[in-house]
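What follows is a pair of complexes built around subunit A, which joins subunit B in one and subunit C in the other.
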Partner chain A sequence: MSLKDILSPFSAWKNLALEPVTVKDPLNERPGAPRYRGFHKNELNECIGCGTCSDICQNAAIDMVPVEGIETKAGDSGLRPMIDYGRCCWCALCVDICSTNSLSLSNEYTWVNSDPEVFRFIPGADKKSWDANELGWKKPDNYNLNEPLRVKMEETAPDEREMSFLEVVKGYSKEQAEAEADRCIECGLCTATCPAHMDIPQYIKTIRDNNLEEGLRIMYQTNPLPEICGRVCTRRCETVCALGHKGDAISIRWLKRYIADNVSFDEYEKILNEGFIEKTDKKVSIIGAGPSGLSLGYYLTQRGIKATIYEAKEKAGGMTMYGIPKYRLPMEILDKEVEFLQKIGVEIKFNTAVGKNISFNDLYNNSDAVFIGVGFESPYKIGIEGENLKGSLQAIEFLREINKGNKIDIGKKAVIVGGGNVAIDAARIAKRIGAETTILYRRRVEDMPADWEEIEGAEDEKVNIITQAIPVEIIPDEKGKVKAVKYLKAKMVADDKGGRPRPVPIEGSETIIETETVIGAIGQGADYSFLPKEFEEKLELMRGRIVTDSNMKTSLDKVFAGGDAVNRTADAISAIADGHKAAIGIEKMLLSE
Partner chain B sequence: MAKNKIINWKPDRSKFPDIGQDGKPVVDLASQKYVKIWHGPNHPGVTGNMSLELTVNGDEIVDAKTHVGYLHRGFEKLMERRKYIQCFPIVCRMCVAETDFPEYIYAAAVEDLANIEVPEMAQWLRTLVLEMSRLQTLLRVVPGQGGTIGLGLGVQWGVYLRDLILDLFEELTGGRIYHMYIIPGGVRGLLPDGFKNRMEEILKKVDDYVIRLTSLMYDNAVYKKRTIGIGVIPTDWVDKYGIVGPNARAAGFKRDIRKDNPYLIYGQLDYEPFTTTESDIFARAVVRLEDLKTTVDLIRQIIAKMPLNGDIKAKTPNVLHWKIPKGETYVKSESSRGEFGFYLVSDGSEYPRRINLRGPSYTHAITVLEKLLINANISDVSALMVSLQTCPPEIER
Partner chain C sequence: MKELLQRLEYRFDVSDIVQKRENQTFLTIDKKHTISLITHLRDIENFSHFVLLTAVDWIEDNLFQLTYILHNPEVNIDIAIRTMISRDNPEMDSAHHLWEQVATYQRELKEMFGINFPGSPGVNDSFILEGWDDIPPYRRDFDTKKYTEETYFPRPGRQTNDPAEYMKNKLYPNG
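Up next, the complex of A and B:
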């Protein structure tokens, strides 16, 4: 112990001369740091109510609740997060995982109230003083709690596929499928949007769990044609996928295909036959072996009802068989699914056109119910001069002939009119059989109803796409054959009623494009001429489509309908959903007593 | 300061009650010779939520028992019902004083089992945050040792500086105490603009503070009188009871995980752990002051050497259903109190099968403290406890 030890502590007295370091009014002088994790904010219009914030919260501080003024719609659950500040630990994982970046934290940190109830609030809906506060915690850049980008699908190279009918999409490997399945956040917006309400998160989970048989069982609960949908579905699920807001939507379609492709076909019966009930004496006749008819056949058989399908053509599948090119849906895939349905007891009578080989009355009188699934088979004409010339075709007929294996000479140049999937299919096929191909579409590329992947595929294969072009005349050569198409350029005009912009022809902008073939692909309609007069008169239609109730029952007694003939979306998955709904309706009608 | 020559030290128990068959002293309270008093849980001289049940004879302690259970937590069990990402906001609560160490070892344990390599930038940031965490806790604990015998001024200075460090934490991580910054796979943000300059300004104040505190507390006759030769940890206890960190370094054991098993980027930093051999309260205080200086130096080195930009997070599977491969691992780091580690067992599911925290306070506050208190004076209880730097939340996990 030295003298220094006694005197030294007194040096602290010199601090008396220093300025105080305390903040006088911390509430006003001391805002939170720009990154501070303060109170929650939510952009209600950007939020889609996917509920990942609620899922990740380890304190169960977030509940998803309905909010006045926000409706449930495709891609939006209509729910919004309500935060309980009695439980919140301000970790901000909810912000980091938010699939739209709508949720954030402000840097506000004082909130005094004597009523404890106010601390359970819905950010965004319950207005707070910090709502306009720009600062606070936001998800950092280059930082993701789940992968935003999808696993790339391997495709046959464009130059290799241009001259062949090889399947373009190669399918995921096990590793790729598992990586893609891992991205799913299980919000279920896809299930709500899918016409068939397939339990998408659950079958994606089976890929992660490497339990594909269970995946197949889950898929067949709502869709007995998963291999078809796994290739050509219009996948509205992917357009609403929560992950699509910040990155790429999950490749739901390819994952479905992965499950269906990787379960051995021989196992199908063993996996799926559970849950089939004993056979009853009820009989149902189905007109048309398209997706709706096949789907109905499966679900009726499952319910013990005998289903007989009458198909005018030599193969089942309807539009999926005859309208979709084989590079998208190889024929053996369809045959496999149909074979399975036949195996479990669905009877299909091929080459049997109702109204020609067998009368509708016969079916009607000998069955407990009849289902009309005839689809839209009659193409609409473009409605311009020269459409009847030699070399002017309809896309549906063109695709059908090609799929049947027949050869069609379209010369060296072809023009396709339209912007839907049929138009793109026709163009890509025309390219494959050696023609220089051009698509004329009256709106812009982003307005095309066709699948964006199909449009990209066509572009890769060097199909020329001319947009904002309205054909006005097909010009013949001296032999009466197609020589050229005359079209007008169009400008886009905003629609007063709030619809999509309309193309308006620009006067004097006539352009002529030389071609040997014109293929019209602007849509199709139905043909109900097989119905006897007394039925046709009573059948309620609206704009060419059959009107049904929620069980797919038509205005005719014990007659149901589904598929393109009923729903406007005109895709396979809606038809499959119709089949399922009709099966439930028929079961109610026949077996409820 | 006398050299520590006391090996196999045993307390003089001549005036103490007999030891019964259960190994506990037989105390006849009715004799009025002994009194039981509770030191804590609500007592200014107790570190956090624990209490000491003392049996005293006059003002001398004849028996001591540490009691925990005032926090009602059970985090380890809680985490078995949480997904891996959901454990992330919990782990920091295991040690309120230095929240970044459990964050780091949890992340490192998960990364080890999941075989994830953390980007270099994130490793630098993690090291920086760990050292900042050590600095802020030492700014509280070093003067706090004087506080236990009534020297409160140093604590006030220290708490002010600690707040400045917390301000920096707030800028970097968005939180002051619970930073929730080191996430499995990386970290949650880059340094904000001007961070390094603000850090240097504060470090200069800390340099000045070390000088002022030395005059106030270390060159202080009263403090020395109250601490030198008191609470000596014999060298043979160190390995026997698993004493780590400054407590072991004050007993002459040059042990520091940062040096012995370098993790993160400690291998690229230059420093030497300080040791002394006296092993009493004062020696431990000296070791902590040296640790504080070392930490300031390390932060300066990190800031000078660290890259400006880079990836902050490795790609991880989707955290909402992240399955960690089956296995078990033990990951440790050197906290301001010594070895701090997580033993993590995964059964291959989305939830941890078992997480066990190895915190230095378990040994220090129960095994060692109960022994050191015997024969001590009541007025030294707080000084002894704080000199071991106990932290009840990590005992009661």
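Up next, the complex of A and C:
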């Protein structure tokens, strides 16, 4: 035995002077590791109750339950996750999939209690000692179980769009649509926000399953114009998409378009199983072949009720036909959709203006119900001097003429007044027919009611947007034609009542912009002059809009109404929803007779 | 590390060499030569410590991946050896003769993935799932949620809501 062998055990004595690495009091002091996966925490105000945590839990440990003080509203189901720790295995999939990152795990894992019921609780709502605990498991940055970014939509390059009315948005390919559909977590928060309450998650699922015919059937249950909505819907659904909190919302509109575009029109009748409906002897007259009237026509026909639509113009579609430029909604799409409705029995009498070619009394006396879907077609004037000059137009009329294929000379420079979709449409068209185009808007870009993609489209196409600009006068040249617009610059002043900031003109800020054409696009109103006096007097209106009950019935006996003439949102999808509601209301009324 | 990899490449048909950390490299070799490579690493290259053996189910490719991690304590280097075996015939040569404890890993993989290692001691004994009567639970075609729902009774008083359905009842019950 060597000396080393004898001495080496004593070398361990040096450790006596070192700090121990073990926990001193393991019975009382047991901190979890910094990323330990312990009891849940939930930021209740960030959570939107999408239920994805509950869906992914492989142990079925999470229930979605109402919590006092949390309201069910657009984009928030009002439900919150309740965890059953008898089942939880602490895998943290619920945290990793959470669409708002509200859910996390603390590193607290010791808790003893003889009552098993306490181990079922709602994190965040049932206060716990670890709620303020910073340590634990959070979804790591840049770690996503689902793709946060949407599949990009291909568009015609901006420089190719000038002088062209070809559709800008190209539509998804099969691979693109499937990849985008794959992102959907099927929470269904969108369905409540959609005015027509379309079953969005279910039709998106049919894309993943490659069963587009079923997708079409699902869409037609609540919306008989999906081809139109797939292009121009205001898609409020996308504003509440759960994925929009930490990434891009699902491209719901483009997925709808994908289904509609990829099922042949010839197959529609077969797929939608039309033609086997028992016919009744009931008749309904519909005034206006816009989205609300067409939608009502479809749902009445489905119920065996004869629907006749009276349309003043030569084509159906209303604002979607005459108000939306062809680069957003090609006319053939609309024609085909209308053709299908006619094929299944919706009768449309074109060039028949009620109050002119046929009297309202005739319709009223010969129908079991009448529906008013006349829209908001009369433009509001800007209300400034010079509006009647040659070269001053209304956007609605400008768009209508262009869509009819007529030529309008707007010269080399055009100024559009307004910030809604109509203003942007008019500007992008003015640009297409060769004018240097400027938009004057009283508020800021972020206040514009127009769709953000349309605003971006206009910017891409080099439409000049001047914000916080209030027009005060249209100045004529010596021949009485438009020469320039005078406007005042405005500052934004916070509203004391909590409304959006108001533009207030800055004194002495008069600016003049030269132009050959001024196009007003500040909004439209209704025209009810087709109604005989005794009806018009009794029709209850509020701020120019017809008042209806939840079945779309007006204050007049057996008269229903819908579309822009009724709802403030003034978009196609609301009008389509109105048509559906009216069909249910009319059926109810006729059945109770 | 670099010289070691050169030596291995000279003797074995290894591919997909990926250095994941300064002292850890992954490489892939075919099923037939896997045990030879491991034996070589242990006996010639001093990878005396067996760290772990695990598997991945690549169901889309109809393959199981086996990963052996070995450690050389003298130079503090890890080598991870990946090999693919068919999901249709999930069988692999045993390595228990190299390290006794490998038998335990192989027994676990038999139970959790259904990968067999003929000749490995106790490979057919239950590992943790006594009385298991379903397909091996780590296979990706095993539906954990379905199994949970069918096997375990729900705790009394539990009730859940579908967000979309709940919103309909709250916000537009007649729509």
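In the analysis below, the second predicted complex is superposed on the first by the 560 of 593 C-alpha atoms of A that agree within 3 Å, B and C clash if a C-alpha of one lies under 4 Å from a C-alpha of the other, contacts with A are read in each partner's own complex, and residues count from 1 in each chain.
Everything that follows uses one rule, which is that contacts are C-beta pairs under 8 Å (C-beta built on N, C-alpha and C of every residue); 3 or more make two chains touch, one makes a residue touch a chain.
Given the structure is predicted, the values throughout are model-derived calculations rather than measurements.
By the touch criterion defined above, A:Ile185 reaches subunit B but does not reach subunit C. By the touch criterion defined above, A:Thr352 reaches neither subunit B nor subunit C.
In the superposition on chain A, A:Ser77 makes contact with subunit C only, while subunit B stays out of contact range. The partner of subunit A that touches more of its residues, comparing subunit B with subunit C, is B.
When the two structures are aligned on the shared chain, A:Thr280 is found in touch with neither subunit B nor subunit C. Once chain A of one complex is fitted onto chain A of the other, the partner contacts of A:Leu145 are limited to subunit B, with no touch recorded for subunit C.
By the touch criterion stated above, A:Ser378 is placed in contact with neither subunit B nor subunit C.
After overlaying the two complexes on the shared chain, residue contacts for A:Gln58 are found with subunit B and with subunit C alike. Where the contact sets of subunit A with subunit B and with subunit C meet, they give residues 57-59. Across the interface of their complex, subunit A is touched by residues 82-83, 85-90, 153, 160, 167, 170-175, 178, 180, 186, 188-190, 192, 212, 215-217, 219-222, 224-225, 311-313, 315-321, 323 of subunit B.
Listed in rising order, the residues of subunit C touching subunit A in the complex are 144-145, 148-149, 152, 154-155, 158-168, 170-172, 174-175. Within the complex formed with subunit C, the subunit A residues making contact are 49-51, 54, 57-60, 62-66, 72-73, 77-79, 84, 86-87, 120, 187-189, 191-192, 197, 201, 550, 581.
On subunit A, the positions that touch subunit B within their shared complex are 1, 4-6, 8-9, 11-12, 15, 21, 32-37, 52, 55-59, 89-93, 96-97, 105, 137, 140, 142-147, 182-186, 205, 208.
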